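Note that the chains take the letters A, B, C and D in the order they are written out, and that residue 1 is the start of every chain.
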Amino acid sequence: MEQALREELVELITFIHFRRWAEGTGGNFSRVIDTDPLRLLVTPSGVDKGQVEPEQLLIVDREGKVAQGDKGPSAETLLHIQIVEETGARVVLHTHSVWNTLASMTPGHELLITGLEMLKGLQGVTTHEHVEAIAILENWQDIPQLAVTLRAVLKNQPTAHAVLLRGHGLYTWGCDIFEARRHLEILEFLFEVTWRSEH
Amino acid sequence: MEQALREELVELITFIHFRRWAEGTGGNFSRVIDTDPLRLLVTPSGVDKGQVEPEQLLIVDREGKVAQGDKGPSAETLLHIQIVEETGARVVLHTHSVWNTLASMTPGHELLITGLEMLKGLQGVTTHEHVEAIAILENWQDIPQLAVTLRAVLKNQPTAHAVLLRGHGLYTWGCDIFEARRHLEILEFLFEVTWRSEH
Amino acid sequence: MEQALREELVELITFIHFRRWAEGTGGNFSRVIDTDPLRLLVTPSGVDKGQVEPEQLLIVDREGKVAQGDKGPSAETLLHIQIVEETGARVVLHTHSVWNTLASMTPGHELLITGLEMLKGLQGVTTHEHVEAIAILENWQDIPQLAVTLRAVLKNQPTAHAVLLRGHGLYTWGCDIFEARRHLEILEFLFEVTWRSEH
Amino acid sequence: MEQALREELVELITFIHFRRWAEGTGGNFSRVIDTDPLRLLVTPSGVDKGQVEPEQLLIVDREGKVAQGDKGPSAETLLHIQIVEETGARVVLHTHSVWNTLASMTPGHELLITGLEMLKGLQGVTTHEHVEAIAILENWQDIPQLAVTLRAVLKNQPTAHAVLLRGHGLYTWGCDIFEARRHLEILEFLFEVTWRSEH
């Protein structure tokens, strides 16, 4: 059972790496395997995401401490935990693609996307007239502080599907592997179309 | 026989997904398997187009009601039926690519493309001096109403090879799998060249 | 022996199609298998270049008449013959890529490329200071007439590595499969860099 | 042991070619197999980098003379040796990608990149506020002279991760295959984002 959860997450990570959305050991990925208490499967830090093996995934608790596995988790695991706790997501994806990095450099505190049918690929969206507001947080190396900011942003935006970190990348999530992957594909598409149509 | 028709359509859909022309469960695809009365093989709604299996394809009648299969068809099946009935097409492809979405955002009611040799890949076109007019319909969530508009547009343009929905994507078609695929590849090429040459 | 010649050419065509340089049955490809009298292996017209089989290749004579094979050759076979006879090339590649189509739309009668190290991938070029002049011919549907123009251009430019047809695509060639492929990869690279650096 | 070193380098080169960072026989690659005296595994000149075999790699000494292998090394082997001797790198990668060629055409003597999280993929960089200065050397065909210039640049910039040659390409390196590959992926990402965000 846990083995299947590991394999499905690794299959998605391998796909993400193939798409060049997690170059140079960048990106980190997680999946809830227990909620009470929280146990989260996460990618170890500093590993080539095209070569992750299911058994390399760590298990962390709600403080981000390693409960199983012999490598350290990414410091950004704390951000995954905020998302899981605040949104109820079961799968969290953090990627660094060219298009999401460019999107994250949009001036101001949020990126607004509207008028595109593909918005309907985001959970709960039923019309292209929907305005998707994606918060852009300033990038910090102080992850615990960033976690506090992220939590506040999510509390304010209970229907958010994603958050951008400026010059850094994207966090998106879903209730399962299928939805998280769909959100990621949709957002990458929206970022590329939006950028190209404005430049 | 029907199995072969299913497999050929799935092979094309898999190719289209690999090209990233149907991200995030987007796009829908159909093939006529009987004309009198009309029976249409169509993709179910909400399925990852990279993982469709031949037996998942539904069969619908000319009202779009499911005659075989246990998932619902996309609401857009109605648009496929207009195209089949009006143009005589046997295969209809609806894709959401970056370049066809950008093309669909061209101001005005049609996109004109001329001067390119690749136009000759569209059925019946024999010179690069041909002017291909591709209608751009405003996007609506009211599909029955959109179907009426689409039907009227096709009636006015009996030699059309494609229609764009603004901010949404492309419909193209052909007399068989081979021609529909060729039209799609040609149109994607033309959209990318046209966009890049003007931006 | 002839079988190996067919297989090597098909391997190259399959690669070219994978790179999306011959979409929608576009492009045509040839290889000399005898010089006296000339016998040329050529792709048949209207075939998906990702699915050509070695036995589908035709053999034509120096007038472009089919000596072996049951499909018609592309009308553009005549252009291949001009290139073979005038330059001594043994392999001729005609592709329609996005970047070579954009390059072909450069105003004027030639595209000049200089200052790039990759120019040294073109046979006989030893410095990035070399100025590669690639003639741009106006596109015509009258292929015999185009053949005459092409022959004259090649006579004037005995060290040319390629010719562009406006809004149509690229002809390049080489003394063997290896050199022709190298020229194609180099030229596609140069077209993309040149276009991006100027737009 | 030496066989494994060859195979790992070839695996990386094959990946680089797949990414289109070494088109048309371009690029050259090396790996230290002994330091005292220096013995360097290098790619032979004029070979398609998608088809290099482990046994085709040459071994050269610190003057760049072939100690083992029957093809000539690239003239640029001298530049690899400067990098190895000056920085202590064990793996050196020289690639010609579209994005690194465009980056190399930046006016002035260096390209500055800052504000991007992916900078942290470069060895020793711990914050996106880091300013990475990548020297741009003018391109010369006189490789021994270029080697002298390169050596001086590296002496001045002991923490450099890369050098660009104008209109030519990128040199990057690492303490092992893993780090060199990570640097290459990171730099390609940074070049593309930087170029797109400024054009």
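Note that in this section contacts are C-beta pairs under 8 Å (C-beta built on N, C-alpha and C of every residue); 3 or more make two chains touch, one makes a residue touch a chain.
Predicted, not measured: the structure shown is a model, and the values here were computed from it.
Traced through touching neighbours, the fewest hops from chain A to chain D number 1.
Superposition angle, chain A onto chain C, using Cα atoms only: 180 degrees, a multiple of 5 between 0 and 180. Comparing the contact residues of chain C and chain D by number shows a mostly separate set, under half of all numbers used being common to the two copies. The geometric centre of chain B is 45 Å away from that of chain D, both derived from CA atoms. The centroid of the Cα atoms in chain A and the matching centroid in chain B are 32 Å apart.
Contacts with at least two other chains are made by residues 199 of chain D. Chain-to-chain contact here is organised cyclically: the chains close a single ring, every chain touching exactly two others. Under the touch rule stated earlier, the contacting chain pairs are A-B, A-D, B-C, C-D.
In the complex of the two chains, the chain C residues touching chain D come out as 115-118, 121, 126-128, 178, 181-183, 185-186, 188-189, 192-193, 196-197, 199.
For chain C in complex with chain B, the residues that touch the partner chain are 23-26, 48, 96, 98, 101-102, 105, 139, 141, 165, 167-169, 195, 199.
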